[in-house]
Structure formats: structure tokens, C-alpha cells
């Protein structure tokens, strides 16, 4: 599967378009505010178009995951090639991009969310030039993570995304922004250095025949790492179910868990969300969190199937904890954003649970839940942003009766809220249902316990709904105006996606399905032990 | 050893001779044209560029010159190039440094000192005889003592020079005593010869260890490794920024080169053959490896932890450079050519990012007359270019991609993992996470915090910005395209006899 | 107890004794003069180690040069007429412990180690080494020799620069 | 009793220790320098002793020569620096010269 | 795609169309929107009726249209893993369709007047459409997955309709309560679905029944089959307001009265019963017993509470719960057809009752409005009375409904109720659970009593405020017509021409007990034997039921009409009992004290835990930092600065110690260096 534009692969386009935009933005004088805004918007819009193109051309029947042949839109160039000493062997790093059913939806999501983030940043005034430059850089980082198949490249993008995020929270954030920003930075870095070590260990354990020279060389190629045959005998991570393999898996897992975030590494999330400006919260919840789970699917599971199976139950248990714990914490919040932040923790727990099920429904459910949570939570944060822009408070108890005052706003809000609750006909329902259905087959009681989360979710969501939108309007908010066109333009597309996927989930499912099967079969197959509860 | 051999050998040290010649010329120029500071700068730069050119000619040479006193080999040449580059950068930096220009009456001596430091270091990296090591070390040392006290009117500068002097003289004295012991054990001062004698296994363990530790005292002081680092923060803070920058890069590099050569050549056990290619073992009973492991862990940890508390950016960078030395030492403990190569790569990137950050600090203190971290508030607004540059340098020092600093660390950890030293690697990465915090404190003050009232933008001249960019661009470029750098480093681990 | 030994012990006592005075005396002037005797004693030991040339060099440079410099230093940094030539000392205890440990282990090492010695010790005929040193300086050790010269140059310039009275009165 | 290598080494060891002691304890900078000179001398004694008992190999003596030269150079620079310090601080007591610290 | 499928789909989708149309254009259309919605439903009703007859005179057992919705391209237990959805029409469905559409249509009509000057008139109608759509979905689907989906949708639409007047906190609360309580039931339902999906990798009824019929039972254990059945029944418990989840229904009366008539009398609450009926084939004997008792207990509790309520709608609400309990009990004992039959009849007369009460409230409201009385509660029966003369149509229809619900002969209620009671007796005969029939009859008596109490208090006697009485008058035709229709529908003749034998009617002929697929040894009494026994018990049942009903009615008249016994006296005499019942057995208080308070409390605790402990452990924030401030005053500011990472906290501490070494005295440095050197020498020397 090839798709080139101006003889440059589409994935490269997708990844580096924002950088182009960034460069232009940097070249523009900082007085040209609207020019800067439009440039950013344009570059992200083109990105969205390309994403649609990709989505259309994507071959649903190819599995990907661990077979390079069925990866799509591949771009493989040699990037680093060092004729090194015999101890290191030839150091070869490839610029290797490609998508499969796991990454395709994420690419799509990233494009859309970034575009919407740009729109929602329209009213940023503080040093807007830097803001959009960083936003676009962040976009590239995220996109790169999802499309790169070379571990080194993956890691580079993974880290590239940190710094912009730090600044975006730290400079344009709320009162405690410094604290939130550094907390986010330290946490994620801590995770990623563990990732780095695991990556290096893998590098020296895996070697493949170099197509050029025909000699055996070490490689950062993830797909090669997934093939047990490529592990050199006697290397650190050789064999199956060895001590070091478990250690490496746990290291990688922590690296990703911090991003998800999985209890108890989640405490950065509420702070970051609350302090970050709306657009950044949207990106955080919409895309960044998915990187953790994506990483688990793309890296941790297929490369360490044995360890993955070995730690399946703990993983599921963490998922359960996330769901219930997040829900309870959300219930007690007074701050609108914090509430949604904790609801994210809860919803990502469902993803974890679905993944841990290690069967088709669970995996598909998890993937779909990743996408849906991305869209739904994005909507929720935008909704908070809309009201915050007007009222400059996020206290749940300061509001009430907005339903009458802002009908249009309330309409969108109702959709978002019920999607979050998991109402049939809206996207959230399908993914949650599948995650639970899948998980139930692997972990009976744990899933029953987790499924109780749907009741709690309904509880805090409706409570919020009531506190903010029902009841009578306090006098001080008589001045509030209804949602405006710009805000609608960013909310409506998401709403459409939410409804469309709710009614006809196949739109996404058939993209994910084959890969999900491949992944599950591969992980289970390469270990062969059946998982019970 | 007759005359023509000597002459022929002289051609091998042409670069050093050029620099020596230059420093004499500069001195004379200073006498005749005292006012014309520009001239002396240009003279020095020309000389150095010449030396650089000649060095590139020496890349493939591998000989032992002056009856084994000096080795001319890729390893030495690599470090000489680093040193000369650093010198050039520092000379140019000095041009923009207010505190240096304030001393215009003695500006000639200043360049003279910098150049003679350069010479000393260039000889250090090549010297393969203990007495040579001692002499060159002292040559570099004496000049640095004086140079760090260059701005004599400033109290702290004088104090820095005194502390540096006492500490340095003491350390080199101890080192010398260690050398004498080794001489007593082996009957020779030529490191290759020492190795030959040691290989016969006649050497007694404890004496040898004591001697090597005495040596380490000397080296450790030069590369400011814990627990021999104490002079570093004070001297770095007190000395003129340019000198600090020079010491933190060139002097460290020279020290490392000397140390690496000494340990590899003296203590390698060439009889062990069943090792992976490119790695080697040390003579049985010499615990140098463990010593260095301990030292490196202590160095990076202490450097980072204390740096957390610094409010003076210069001092903060001093501690950071201690920590950096710790990472580099990790490259030694793996006992492999690639470990060495990693150190060398690290030095190249370190050259750019560290000089860069000191340069920015200097420019800023020129304008705002302060190096306190709180005075950096709102710099992001006042001088975007510099702030962004400093941010990139610091991020690079932290070791985050896509900056060159990442590649340095990456190579180090690569060799550690390959040597299966996982625990040490973990300690290393945890340290780099800690280091993030204090580097980011500076960045935070520049961008996240505003001054109480905006005190206007700061502008810098075009040459200043060009120099900045010439340090900044490699820091970014090498982060993504390190192909040739690494290849060159791995070629350059070649030493005389290995 | 032949002459050689007598002489040795004499010098040894002189060296060590005066060194102790140097280190422990409260008065800098005393220390400085004691140092003179130390250098003499060391020179004597050199002779016993039949390094005649070095003995002479020692006397010339140390006594004639370095010691004088140090005395100058003393004079310039403390006015002798007053009794401000006393110099205190700090963290004695820690120093004593550390140094004792140092000395202990050193002597341990010295005694236990079998040093690199050609077994034909005893009577090596006393002969001058000046010639060998001379040739070495211009052949094998020519490079160190040159470097030493550079060092001296640097030292001269540096010292001059450091010590020079600045003519501009704009002191800090 | 035969005079052996050990005797010389012991003397040098004593000088070395005394030197170190002086360097650590004496407050006056010049005293510190004297201590350093002692250290250098002890090293020299070692060199010569080893050279003597190592069968008259000349290397030790060469080393000693260079050490002496260097000691001279060092002393010169040191004195200059000390004088400079005295100008700034009006004292040469090392422990009073500590504006640079954490 | 047969025409029938198309019609079925049309029936399903028309209300949805109405919903979408009105939600978008309702605002502009204002008042017309009501008529539009009603028209849609009218057409819907006609289609439904056509479908009904088409099905009834069709020989096929059911029309089943299944199509694959999601295909996972893999297998589970060697069965291709697919998610099939589809719609199925059998006689039961057809009947339900008519019921739902009829009630819905009439409620639409009724609302035209009742809601005419409501602020959110159009939204009200659009939500009615949404609700009807979801309800029809439940009825039409052929698989549990879809049913669960529509199940949730019904919950939401009811949430929206209950909270229609959300400015009132009570209304908002009621909506929330309804939704969450339902969710609790749905949670069980979901788990049940998980089990069947996991075991049979399909959720279609036919598929599951087929599998179990084929001898495959969940996890190969009888218990699990029972559990699965009961879990699915949980859904019914939630929706049909069975004990212990019945608490939401009374509160739901906060919604507009027509909504109560539609959702909380005729359709949504009946959905639970429908679910049980659908699941009937896989219910084991144990499951059925539990179901039966649940129904019985519910019926009893609700009835007792209904006696003492004064709010006309509350009374009806509790009577609804009680009747639902009846139906569930009926199904539980195995009287499948009777249960369903009662559902249908009850739908008619209970909807009628609510609309009637609606009409009364409407009248009262206007009257109160005229006399500017804003204190009197328009729904309190004690402030009514004597409405017979003022609003005759309402009265006569109401009377008809009351008779029906009390089970007086010649009414539809009589037919269905008797069958259920007969069923209970036969059940007792086979299983020995004689408590069930006992409760059954007792409740029948209570029902008659409290219904007539309500009727008497409302319509008989004189209105106790003459001034207000002048302003009372009959409601407009749009409101009375539905009443009349329902009243007509409450006659026996529609269901069976034999006034005392429902058996001879079409209903029993067409809607028969489905084939039970549960393995014999755990199955309930085989249908044939059971019905045989029912036949024997029939006459006895009739006598007793008529007796108790008559007695109940008599007592009502004695106490509230002739006032031979003073109600107040009774109340005083049985003070404690009265309060206990009046307070609805303290269920709400209990739940608030335990479940709700528990949850909120736990949430608070965990939130604190998260903020302090977790964050603390990972970050060393909070109290830990206080201790450290002793070490250095600076430290706190640093902590606030962001040095909160716990490791970094110790790091900071060590850093603090290390930097103390940096005294600035060079000789100290040298000392430390020497010490370090010696440490190495000794350490590595030994």
C-alpha cells in the first residue's frame, strides 16, 4: 500500500505538516496575529484532509502488528548507519513509518483533535506566536509517535512532545501552572527513561540479517523485535518468561502507565488538566493519554507476549482500580475540569481492562474506547472551556439552570454527557460494552466488579448535569451568552463522530478488527498458555 | 636518538608548535600594540585555525614520538581537535565579555594564557610518560591558576585563583608521589613499559592500588570528580565566565584523555583473549574499574543533588558540569573501545552545549549584571533568541532528544547496557531525571515567570548572535544526524599500541 | 656503623627534624628558616643516593630560589616588626587522624612491598651523573625539557601579570 | 645496620605526611606552600632512591630535575597569587578567604 | 425485505422521525409541533394495528429478520463471533405494539390540552417521540444486546421526561434517581448478557434458546443458568419497579401526568414484565420461585403503602407498582399468558386512571388558579371531593377503570387478575408455596379498597370549598376522548366474549406459553399439567377474588362514604402502622442512609486519599514538607516551587547536606579529599 503526494509519503506529510506550519508561524511577525492563527489552522486542516485520505485508502483486510508485509503506507529509509566496532555491531537506525489497524484510528484522532485544538485556541492572546508554534510542534510529536515503527524514532517523537507540553501548560496555564507543568514533565520523563533502557536492552538482544550487507546486525525495528526468532541466544532478553524479560516489560509498562495514567501514577493528570488551557486539556485527554495504551498495544504486548500474559491479571486489576477509583474520585470533585479529569482516569481504566482481556472483543473494545474517549472527553473539556470563557469559574456549585440560558450549548452538552455515561446510540456505549464483554470472558468477577462503574459514572455525570444545567439560574449569570459559531464549529464535528460511531460503529471497527485479531492471536499464540481468572 | 629523528618528530607536533609560536607572537604584539585588542584576538584565532588545519592532517597518524614521551594517534588528535575548537570558541567569546574587556591593559596576557592553556592540554592528551603527564598537567594547571585570577581587581576572581592554586598544587603533588611509587614498582616511567612490567605480575597489589589511587587524585581533580571536585564550584563561580567555560570543557577533556590513556595503556591485561572484540580486561588485582564506578556514581549523584540548590546560574552550571563528568566516567567503566568512543562523542556535544550555555550566561550578565536565577525572570520576553538558545542548551544538557545531548547519553547507556551493567544504567537515567529539575528551573524563570515590571527588551549585536548560532546549530543538528560524529569517534579510539 | 650510615642518619635527623619545625612552629619566620635546613638535609640525602648533580641543583634552586621567594612572601604579607608573624592552624584533630592513617598505610606499603630493585645492591661505585643527565636532556628527554621551558615562560609572564601593581586606580 | 631503600622511603613518607599535614592545618597561605614543597621533595627522594637501587637507571633523576624546575615555576606563580590575594583581602589566612561558598 | 419488515421498521422509526424533526424544528413550530407529533403517532398506531392483524392471521410463529451488524472475523468457542441484530414480530410483540402505540397516541392527544401552555411544549413532544421509539425498540428486537441498548434509551427518555420541569429541584432529583436506580438494575442485566454472550457467542433469543435447548448451559452448571436468568431479571426489577428497586417510581410522579400515564403506568414499567416474558423459556424453577416472591412482596408492600397516601398520583403510582408485582408474580408462578394478559389490560385501565387523574388535576389546578389559591396542593385527594357532578365524563370513566383494577366481573381486569390468582393456586398446589396465593388474594382486596377510597374521596360527597367548586368544570374533548377510549377498552368483551372465562378469548388462543428449553430436572412444572390444574382452580378462584374485592369495596364505602368508621379514629388507633406505611416502609430513608450516603462518603474519602496519600506517597507533597521546613526555611518555597517529587524530596535533603561541605575553606576541601583518598586506599587495598 503506497500513497505519495509530491513524491513524499503521506505519513511523512501527516507528521511534518505541522512543522512546516510552525516554521511559517515563526517567520511571521508577531503582530500578524490572525495570520498566525490561520496558518496554524490551515496546516492542521490539511492534516485532517490527509487523515481522511488515509482513512479512505486504508485496506481493512490487512492485519499489520507483527508483519511488516501487512503494514500500510510504509516508508522505510535508512537514517543512521554507522560502521561501528564489532562490539556494537553496525548501528543502523531507519526512518520507518507505517500504520495498521491499531495506529490508523489514532492518526485520525490526532489530526482531528489537533485541528479542533487550534480552533479552540483562537482567543489566546498571550504571546500567541510561541503558543501556536509549540502547539504545532506538539502535533508533530504526537503524530510521529503513532506512525513510527522504529523504536528509536518512536522514542524521539515520544520525547519531542514533552517540552512543548511543558511550556503550553506552564506559560498559558492557570494559577498553579508551574507546579502542574513540572509535575507532568518529571513524571513523564521518569517513565520514558525506563523506556529508553528497555529499548537499548532490546536493541542488543535482537539482531536481523541486514538486507544490504547480509550480515547479522542489531536493530531498532519494532516489528523485528516482535519475532522471537530474532533474539540472539544468550542475550539479555533472550528466551521466554525470563527474569530480565519481566523486568524489561515492567519498565516499559511503567513508562506507558504513567502516560495513561494508571493508578497510582495518575496524580499528575488532575493537576495538569486543571491548570492547562482548554485546548491543551483537549489534547491531553484526547490524544496524549492514548499514547500510553497505544504503546502497550504496539510495543509492550507484541514484543513481550510472555510477560504480557504473565502480568495479565495485574493489568486487569489495575484497570479495575482505575475504573472504580477514578469514578469515586470524580464524584467528590467540586471543580468541573477536575471531575472530567478523574472521569478520564475511570474511562481509561476500561481501555486497560479491555486490553487485558486479550481477546478480540476486549481488544477491539479497548481500541474503540481509546478513540471514543478521545472524542468524548475532548467535547467535555471544550464544553468546560466554553463556560469558563464566559463565567471565569469552574466551580460546579456556582452554576445552575444553564439549560434555559444557553439552549444550544446545553444541546451539545447533553450529547457529550450521555456519550460519557455510555448511552446506546452514542459511541461510548459500544466500546464500553465490548470491553466489558471481552474482559468478562477472561476475568469473570473482576469484570463484574468493574462493570459496576457504569452505575457510578451515571451517578456523578447526572449529578454534574443537574448542578450545572438544571435547577434555576443564579442572577449573576444572567449575562451569559449562548454558544457561538466558532465554538460550535469545534463541537459539532465531534458530536457527529460520536453519534455516527454510536449508530454504526463498523466505520471504525472494521479498521481495527483485523489488527486486533492479529494482535490477540499473536500474543496468545506465541505463548500458548490459556488465561483463566 | 639523533637530531634528524628529533626534527622529524617535531613535524608531528607542528600544531602544538604553531600554537606556541602564536602565543609568543601575541605576547610581542601586546608589547608593541597595547591598545589594539582586536589584533591579538585575530592573531590567536588565526594561529588556532592553523593548528586545527594541521591537526586534520594528523588524523591518520599513529606513532610514538620523542622516544615514547608523546603519542601521536587518532585518540590524541580527536581530543586536540576538541580542545582547539573550544579554545577558538572561548577566544571569540572573550571578545564579547565585558569583564575581560575591562582589563584591556592586560588583554595580551589574557590571550597568552588561554593559548598556553591550550598548548598544555594538547600535550596532555598525547603524553604517554608519567613525567610528561606531570609536566603537561602542571603547564595547563599553572596557566589556569593565573587565568582564573585574571580579573585581579575582583575579589572573587583572586580567591578563585588562590583556591585553585592550593588545591591543584596539592593534588598534583599527591599524584607525583603516586608516580614515584609506580616508578619504584616498575622501574620505568613509560606507561607502555609499566604495563609490560606489571604483566609479569611482579607488582604487589596494595602498593599498586595505592599508587593508582594517588594518580586518580590528580586526574580526579582535573576532571573534577567526586570526592576531588571541591575546588570546582568556587573556582567556576569566581573565575571569569570565559575561563570557566574553557576549564569546564577543554581542561576536562584533556584530563579525561590523559586518564583514559593512562589506564588503558598501563593496566590493560593483553593476555586475556576470550573477550568480545573491542573490549578488554584490567590486570588482575587492580581494582581501578570498581574505583571508577564508585567515583562516577558519586560524581553524577552529588553533582545533581547539590545543583538542585544553586541560585547562581554559573554555580549551577558548575555543579551540572560535575554531574556531566559523572556520566562520562560511566563510559570508562565498561572497559571497551565503544565506551571510550561514547565518551568522545559526549565531549563533542558537551563542547557545544556547555560552551553555549556559558556563553549565553555571559552575554546576559553583561547586560543585567547578574547571574542570579531570579534575575532571569521574564528573559523569554526581553530577549527571545537568547532565552530559546539557553533553553535548548539546557535541554541538551539534560539529554532529551532531539538535541545532541541525548546522543551523548544514548551512546553511554548503549555501552552500559551492552556490558549488562543495568543497575548502573538505571542510576544514570534516574540522575538525568533529577537533573531535569534544576535545568528546568532556569527555563521556568525565563519563560514561565515574568518580572514584576517589564524592563525593556535586550538586543545583541549580529556577531554575538552568529557565534551563538554557530554553537546552537550543531547542538540541534548532531541530535538528528550523528552518523559521522559517532563513526569518527569510533575510528578515533585508536591509540599507539592498540 | 660505617661512615655512610652515620652521614645518612645525620642527614635524616636534620631533614625530618627541621621539617617538623617547619610544620609545627607557630612562627612563620622560624618555619621558613627551618625549611632551609630541610632542603639541606634532602640535598645531603641526594648525595648519598649518588645524585650529585641533583644535590647541587637542589641547593641552587630551592635554597637560592624558592626559599627566597617564600621569605619574600612572608615579608610582604606580614610586617615582621609586629608579632603578627604567628600563624594559627585549623581542624587539627581531623588532620591528625587522616595523616596518621596516611603515614601508617604508606609505611605499611613501603615495608611490605618488594620494590623494583636490581639485586646487586650494596656498593655501587660513586660516580657523577652529570654527563648522562646532560645527554638525556638533549636526546630522550628533549620534549619535557622544552615543555619545562614553556612552563617557565608562562610562569614568568603569569607571575608578572599577577603581581604587577595595576596602574588604573579603578579598583573594586 | 645496612642502609636500605626502605630507610629512604620512610624518610620521604614522613616528609610527605608532614607536608600534607601542613597543607591541611596551617592557616597561612605561605605555610601551605611550604607544605607543598615538602610533598614535592618527598616525591623526589623516592625517585632518586628508586633510581639508585633500581640499578642506576637515569629516568628517576630526570624526573627529579623536572620536578625541581616545576617547583620553582610553581613557587613563582604561587607567590604572585598570594601577593594579589594580600592586596585584595589584606590577609593571607586561607580560611578567611571564603566569599565563594554554598 | 418483506413488506412486513418494512412496516415493522416504519412502526419503529416513525416516532424517531418525529423526535428528530421536533428537536430541530420544534422551536419554530411552537404549538403545531404537538399536532405533528400526534399525527405521527396516529399513523404509527394504524400501522401497528395492521401489523397486529396481519400477524394474528398469519400461520408463522414469528417473523424474524436478523442481519449481521458487527463481524469480528474470528471465532469464539468455534462459533463465528458476530453481533447479529434484527427485529422479530410474534403475537406477543404484535400485541405489545398495539398497546404501546395506542397508549402513546392517546397520551399525545391528551397532552395537546394538558400541556398547552408549557414553556418547553415542542421539546416535550419530541421526547415523547424518543420514548415511544425506544419502547417500540424493546418490543421489536430479537436479541438481548439491542434490547439492552433500547433499555438504556428508555431510561434516558424517561429521565428527560420526568425532569421536564427541571427548574423544580424535586423533578430533577426524581429524574436522576429514576435513571440511577434503573442503572443498578441494568448493571445486573448487562452481566447477564455477558454470560450468555460468552457462552453462546450470540445474543439473539432464538440462538440462545436453541443452544440451551441443545443441552448447552452456561459453564455447564444448573446454578449458572439460574443465575443468568436472575441477572437478566434484574433489568426487569429496575424497570418494572420491583422490590427492592421500586423507590424511583413514586418520585417519578414529578413528571407531567400524561407522561406518568404513558411511561409509569402502561409501557416502560411494563417493559420489565415483557423482558421476563421474553426470557421465560430459559428460566429455571428456582429462578421462577424467586421471581414469583419478588412480585408478591412488591405487590404487597406497594398495596399497603397505597392505602394511606393522599396524593392522587402517588396512590396510582403505588397501585401501579402493586399491579406490576402482580404480573411478575403471575409470570413467576408460570401463568405466562395471564401475566402478559394482565399487562395488556392493566395498560388500558391504568393509563386511563392516570389520564383521569390528570384531568382532575387539570381542573383543580385551573380552579385554584382562578381563586388565586397557591397553597392548596392540586393533587391532594383530601382537598377534592364532589367532582362527580362537575366532571361527569371523567367520573364515569374513572369509575370504570376503578372497577377494572379492583377485579369486578365484566371488566378486563377481572379476567386477567383471576387467571393470575388461579395460577398462584395451581403453583401452590405443585410447589407448596401457599404464601403466594394468600398474598395474591389479600392484595386483591387491598387494591379494591384503596382504589375506591381514592375514587370516593375524589368524586363523591361535596367539594369542601364551595367557592372554588364554582370554577371546576369538565376538561376539553381532547382530554375526555382518550378517557372514553380507555374506558371502552376496559370491558371484557375485547378480550373474550365469555365474561368469566378468558380462556375462550383470542388472547389465550394466540399468545401461549412459549416452549421451555430448560433441562427437565431443573425446569418448572410442565405447562400442560400446570394449565390443567389452573382450570380446576378456576371457579374457586373466582369466588374468593370476587369476595375479597367486594369486601374491600364495601369497607371503602363504610369508612369513606358512609363514614360508619372514622378514618381518623383508625389512623389514631394504628398510629405507628400508619406512619410506617405513610413513610413508605422507610425505604428511601434506608437507602439514603446506607447506599447513597455510603457512596458519597466513600467518594469523599477516596478523593482525600488521592489528594493526600497517593499524591503524598508519590510526591511527598502535603504534610511531609512541613517536617522538612525545619531543615531549611527555604525548603517550603522550593516545595511550592515544584520540588515535590518524593525522590527529589530526599534528593533535595541530601543535596542540602552535601552542600554544607562546600564551606568555602580550601583546606577543608583538601582535608575531605585526603579522607576520600584514604577511604579508597583502605577500601580497595584490603
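To keep things simple, chains are lettered A, B, C, D and E as they appear, and every chain counts its residues starting from 1.
Criterion: a contact is a pair of C-beta atoms (placed from the backbone, for glycine too) under 8 Å apart; a residue touches a chain by one contact, two chains touch by 3 or more.
Since we're looking at a predicted model, the values are computed, not measured.
In the chain contact graph, what is the shortest path length, in steps, from chain A to chain C?
Counted as steps through touching chains, the separation is 2.
How many hops, at fewest, get you from chain B to chain C via touching chains?
When the steps are counted carefully, the minimum from chain B to chain C is 1.
Whose Cα centre is nearest the centre of all Cα atoms in view?
That would be A.
If you tally contacts for every chain pair, which pair is highest?
Max contact pairs: C-D.
What's the chain with its C-alpha centre farthest out from chain E?
Following the centroid criterion, the farthest chain would be C.
With centres defined as the mean C-alpha position, give me the chain D-chain E separation in Å.
Each chain reduced to its C-alpha mean, chain D and chain E end up 97 Å apart.
Centroid of chain B to centroid of chain E, CA atoms only: how many Å?
Result: the chain centres lie 78 Å from each other.
Could you put a whole-Å number on the gap between the CA centroids of chain A and chain E?
Inter-chain centre distance comes to 38 Å.
If you average the Cα atoms of chain C and of chain E to get two centres, how far apart are those centres in Å?
103
Note the residues in chain A that touch 2 or more other chains, in rising order.
Touching at least two other chains: 178, 182, 186.
Mind pulling the chain D residues that touch 2 or more other chains?
Residues 9, 16, 19-20, 23-25, 27, 29, 32-33, 44, 49-50, 54-55, 62, 66, 70, 73-74, 77, 80-82, 84, 94-95, 97-102.
Of all residues in chain C, which are in touch with two or more distinct other chains?
In chain C, residues 90-91, 94-95, 98-99, 102, 105-106, 115-116, 141, 144, 148, 151, 154-155, 158-159, 161-162 touch at least two other chains, as defined above.
Pull out all the chain pairs that touch, please.
Chains touch in the following pairs: A-B, A-E, B-C, B-D, B-E, C-D, C-E, D-E.
Please name which positions on chain E make contact with chain D in the complex.
So the residues of chain E touching chain D come out as 659-660, 662-667, 670-671, 674.
Please give the residue numbers of chain D that touch chain C in the complex, ascending.
1, 3-11, 13-22, 24-31, 33-35, 37-38, 41, 44-45, 48-56, 58, 61-62, 64-66, 68-77, 79-84, 86, 92-93, 95
Provide the residue numbers of chain A that touch chain B in the complex, in ascending order.
For this pair, the touching residues of chain A are 80-88, 91, 127, 155-156, 159-160, 162-163, 166-167, 170-171, 177-178, 181-182, 185-186, 189-190, 193-194, 196-197, 200-201, 203-204, 236.
Note which residues of chain D are touching chain B in the complex, please.
Chain D residues touching chain B: 9, 12, 16, 19-20, 23, 29, 32-33, 36, 39-40, 42-44, 46-47, 49-50, 54-55, 57, 59-60, 62-63, 66-67, 70, 73-74, 77-78, 80-82, 84-85, 87-89, 94, 97-102.
For chain D, which residues count as touching chain E in their complex?
20, 23-25, 27, 32, 94-95, 97-102
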